[in-house]
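Take a look at these structures.
In the two complexes below, chain A is the common chain; its partner is chain B in one and chain C in the other.
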Partner chain A sequence: MDTALIPKGVRRCPMWQFLLGLGIVGAVLAWGVYAMLLCWFKGLNQTNMNNYYGFALWIWADLAVIALGGGAFFSGLLKYIIGKDELKHIINYAVLIGFICYSSALLILAIDIGQPLRGWFIFWHANIHSMLTEVAFCLSCYFSVLTIEYIPLILENRQLNKVPFFHHLSHNMHEVMAVFAATGAFLSFFHQGSLGGVAGVLFGRPFAFREGLLIWPWTFFLFTWSAAAYGPCFTLLLTWITEKVTRKKLVKDNVVELLAKISGWMILTYTVAKICDTTRWANITVPGMGQTLADFYTGNAFYGYWILFVEIVLCGVVPAIILISAPLRKNPAWRITAFFLGVIGVSLNRWVMILQVMAVPVMPFDSWALYYPSWQEVATTILPVAYGVILIMISYRYLPIFPQEAELNPIEEAATAAVEIQTDTTPDLEPAQA
Partner chain B sequence: MFPFSFEWLWDTGHIVFHGGLWYALNIIGIGMTYCVIKAVIDSSKGKGGHGRH
Partner chain C sequence: MKHEQQHNPPMKYGMAIDLDKCTGCGACMVACMSENNIPFREDESDKLVSISWMSVFKLTNGKAFPDTEICYLPRPCQHCEGHGGHSPCVSVCPATATDYSAETGIVSQIYTRCFGCRYCMGACPYHARYFNWWDPVWPEGMEKYLSPNVSPRMRGVVEKCSFCFHRYQLAKNKAYLNDERTVPEAAYQTACTQACPAGAIVFGDLNNPAHQVHQIVKPDPRKGNKSRNPRAFRLLERLGTNPKVYYLSSREWVRRAGDNYLAHEKTGQVSNVHH
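Then we have the complex of A and B:
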């Protein structure tokens, strides 16, 4: 039915199976959209946010997907600027994941501001003293860059590529992609950093506050560093999941191992920096503000020292050791464990820097304020996941996301001939139809 | 925000913040304009081939 649109030399599941999958994920998407509309039409009273929690589940999800989407800018930097050419075999998927993550982040923000029609105010009436203004600027611009990086992939669809203008446009965009990749790295450095800076400048909340360099608290650099370190883990984890779902090898091991090794060294250096930061904060910053470390990890039902251990040791030191050690990295089970721990680690770090910050009492008469999201918040947080799955399904089916797929999964000659005959007899589609 | 907006001030903050924004937007805009114009020229010249990039 859609054979003419499927990339050459690869096989895809039957249409009914594809549509069934889309329908199931689409139902989850519809649930999220319903919750989103409730928030827009009835207001933010649909959430459990309150005077303690101006930032809540959405902002955690926002920061987490932005960190996890960091694989796009870091892979782009490695390929186009540093010259790691092997990564061309995974960069398409990294871009797609980045595109999904950043569009999800913008969608979440559109729900969170409650009045999306006034979203443009942050650009026109910008408060230049706010880290969040810088985040808004860089996030929007970087999303444009990711869109530009994703467009050539769409134009390489088998039918679209037959249109001379689209073919040349795609070719030209590839030629200047290094400029866009460099711009993306510049924008990512600042918005990832500023998201960390938002927490670090809160001098009224000793749990989050950090000293720093000039106007930038240390959290600024730690957030950028962690996104570059853990983002590739997410890209590689999703690649592995896609391989399991499609029951195909999609990327060669040498490519996966190269990115995993770079990610491992980045995680190691980040974790060392994080340990130094935490040690200094616990021994100098916190006592200097009249509090002790125990104030932040005791006296409540949820946040304990365990969270510090899980974030820094279990999800920092452990994946770093696995990924920098060649024997462990080459073992698929250990490698996937490291990716999984890495993804949990960076998500937990964002949780701590958003939600634990809000939970910790800051006044002598305050007590711990734990927070439980409403179902509308949960549904709208799951919404981007469903949207991402749908976009991956469509992109994988119709676009050459994995350049090594045909080579790694050769289809029998007879089947190839049958597909070719069928394709040849299929009249070329007009661009609009395609 | 542009310099002709009533809220604009000629101070370091505004120049750095908005300078950075316009710098990025200009690179994106000029880059895409170049790609589109070159694609139009290439198409009109009949340059072809469906080679891989």
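Then we have the complex of A and C:
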């Protein structure tokens, strides 16, 4: 039915299978949309947030997807600016993932604010001293950049590409993509950083507060660094999942290993920086405010020292070693384990810098505040995941996301001949075979 | 003809709350809610979602009977000055919906500009900021008793104690009509101050030596406005929030409960400020 839209030289699943998958994920999406509408029309009383937990699950999800979407800007930087040309085989997918992550982040922010219709105030009445203002501006600008990077990919669809204007537009946009990649890297540096700054500037919250360089707390640099380090892990993990789902090899190992190796070194340097930051914070900053590390990791039912171990050692040191070591990196099982740990690690870091900050009491006579999300919060957090899966499904089916797919999965002559014979007798099967 | 114009020196409104006098009766909370049209719900049992600009905390010395001691600590917004008006909440608000007034030292909240991101709530270590999780609904007939001088807040915005700023505006207008250059001390008092039966709350201009609050607190500008009164302390003073609400107590354990200290540190010790 949709053969004419499917890229040449590749196979796709039958239409019924595609629609079935789309329907299942669509149902989850509808559930999320329902919860989102409840929040918009009835207000944030639909959540379990409270006056102690002004920031909760959504803001964590927001920060996490932005960090995980960091693979887009870092891969772009490596390919277009540093000149790692092999990465052209994965950059499309990195851009698509980035586009999904950033559009999701903007959607989450739109649900999270108490007065969604006033969301534009952040631009109109901008407070230049607020890290959140910087986040809003850079996030919006970078999302525009990602859209510009995604458009040529859409225009490469078989049918759209037949239109001369679209063909030339796509070609010319590819030609100048280095400019957008550089712009994206610049903007990402600031919005990833300012997201770190959101927590780091809270001098009323010793758990979050960090000293820094000029107006930027150390978390500013750590967030940018960690997004660049762990973002590619997410891109590669999703590539692996896509390969498993489609039962095809989509990207050559040398491309995966190159990005994995760079990610490994980035994670290692980030982890060293994180250890330095934590050490200084625990020994100088926190005691200077009259507190000790035990104040943040004991006296409650959930937040313990295990978090430090999981974040820094298990999800920092371990994946760094795996990805740096050639034998381990070349072993798919170890490699995927490292990607998985990396994704967990950066997500946990964002959790700590948002939710644990809210949980820790500051006044000596105050107590820990623990929180669990309502189903509406969970549903609206899953909503972007469903949206992402749908966008990946559609993009994978109709756009040349993986340039190496045709080469890695050649349609054999015999099979092609068989298809032709079948097509002659039963024309209805043509889309499925194509 | 040359007309010489003189400006009044900037004011710094603040409070001194004597915890040795506070009985924890809650009259300040009630007066505040009534004065400022603070919304409430039928079920107010979940205090984490209810709004009370003035909250009274109960502190204990942690000792067993017969050495147990109790202290009640009323906590309005601390109207932090930070360093040069850089209070924790004002600096983070992305839409400039909260502001530090250099004229009065009052931290304001512009309800119609707030879009409900709640970053200010996360920034405030005193939990003095509240979110309107619901639209305000008053029992039938009660809307007639609302104060016409204070705008009710809508769902989805943050609110907090304003030091009854509308009273300041009224007092300022009155002073202008009376040809007075400054607002007299008695003309501008907060609702909680007036309601306290024990006289535990004293309110006024910390910059004005004629005001009682100045005489009690004796702020030292060279030491970040730390009080010269040995009985006085501020909440979380060492964080550098530079609040304008001072507490008084003769009991050492109460003063120590006002801030975080390492085991070997003396009460009242304030190390270097980190911002």
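Keep in mind that, in the parts below, the second predicted complex is superposed on the first by the 412 of 434 C-alpha atoms of A that agree within 3 Å, B and C clash if a C-alpha of one lies under 4 Å from a C-alpha of the other, contacts with A are read in each partner's own complex, and residues count from 1 in each chain.
Following the convention adopted for this analysis, contacts are C-beta pairs under 8 Å (C-beta built on N, C-alpha and C of every residue); 3 or more make two chains touch, one makes a residue touch a chain.
Model, not experiment: these values are computed from the prediction.
Counted by residues of chain A touched, the larger count belongs to C, out of chain B and chain C. Judged by the touch definition given at the top, the superposed model places A:299 against neither chain B nor chain C. Once chain A of one complex is fitted onto chain A of the other, the partner contacts of A:129 extend to both chain B and chain C.
Contact with chain C, but none with chain B, is seen for A:358 once the two complexes are overlaid on the shared chain. Of the two partner chains placed by the overlay, only chain B lies in contact with A:174; chain C stays clear of it. Within the superposed three-chain model, A:141 lies in touch with chain B and out of touch with chain C [touch as defined at top].
Applying the stated contact rule after C-alpha superposition, one finds that A:201 touches chain C and leaves chain B untouched. In the superposed pair of complexes, A:161 makes contact with chain B only, with no contact to chain C.
According to the touch criterion, the shared surface of chain A, contacted by chain B in one complex and chain C in the other, consists of residues 124-126, 129, 133.
Put simply, chain B touches chain A in their complex at residues 1, 5, 7, 13-14, 16-18, 20-21, 24-25, 27-28, 31-32, 34-36, 38-40, 42-43, 46-48, 50, 53. Chain A makes touch with chain C in their complex at residues 43-45, 49-55, 112-116, 118-119, 121-122, 124-127, 129-133, 136, 198, 201-206, 209, 211, 285, 287-292, 295, 357-358, 362-366, 369. Taken together, the chain A residues at the contact with chain B in this complex read 123-126, 128-129, 133-134, 137-138, 141, 144-145, 148, 152, 156, 161-162, 164-174, 176, 179-180, 183, 186-187, 190.
Residues of chain C touching chain A in their complex: 46, 48-49, 51, 57, 59, 73, 82, 86, 88, 91-97, 113-119, 121-127, 129-135, 154-158, 235-236, 238-241, 256-262, 265, 271-272, 274-275.
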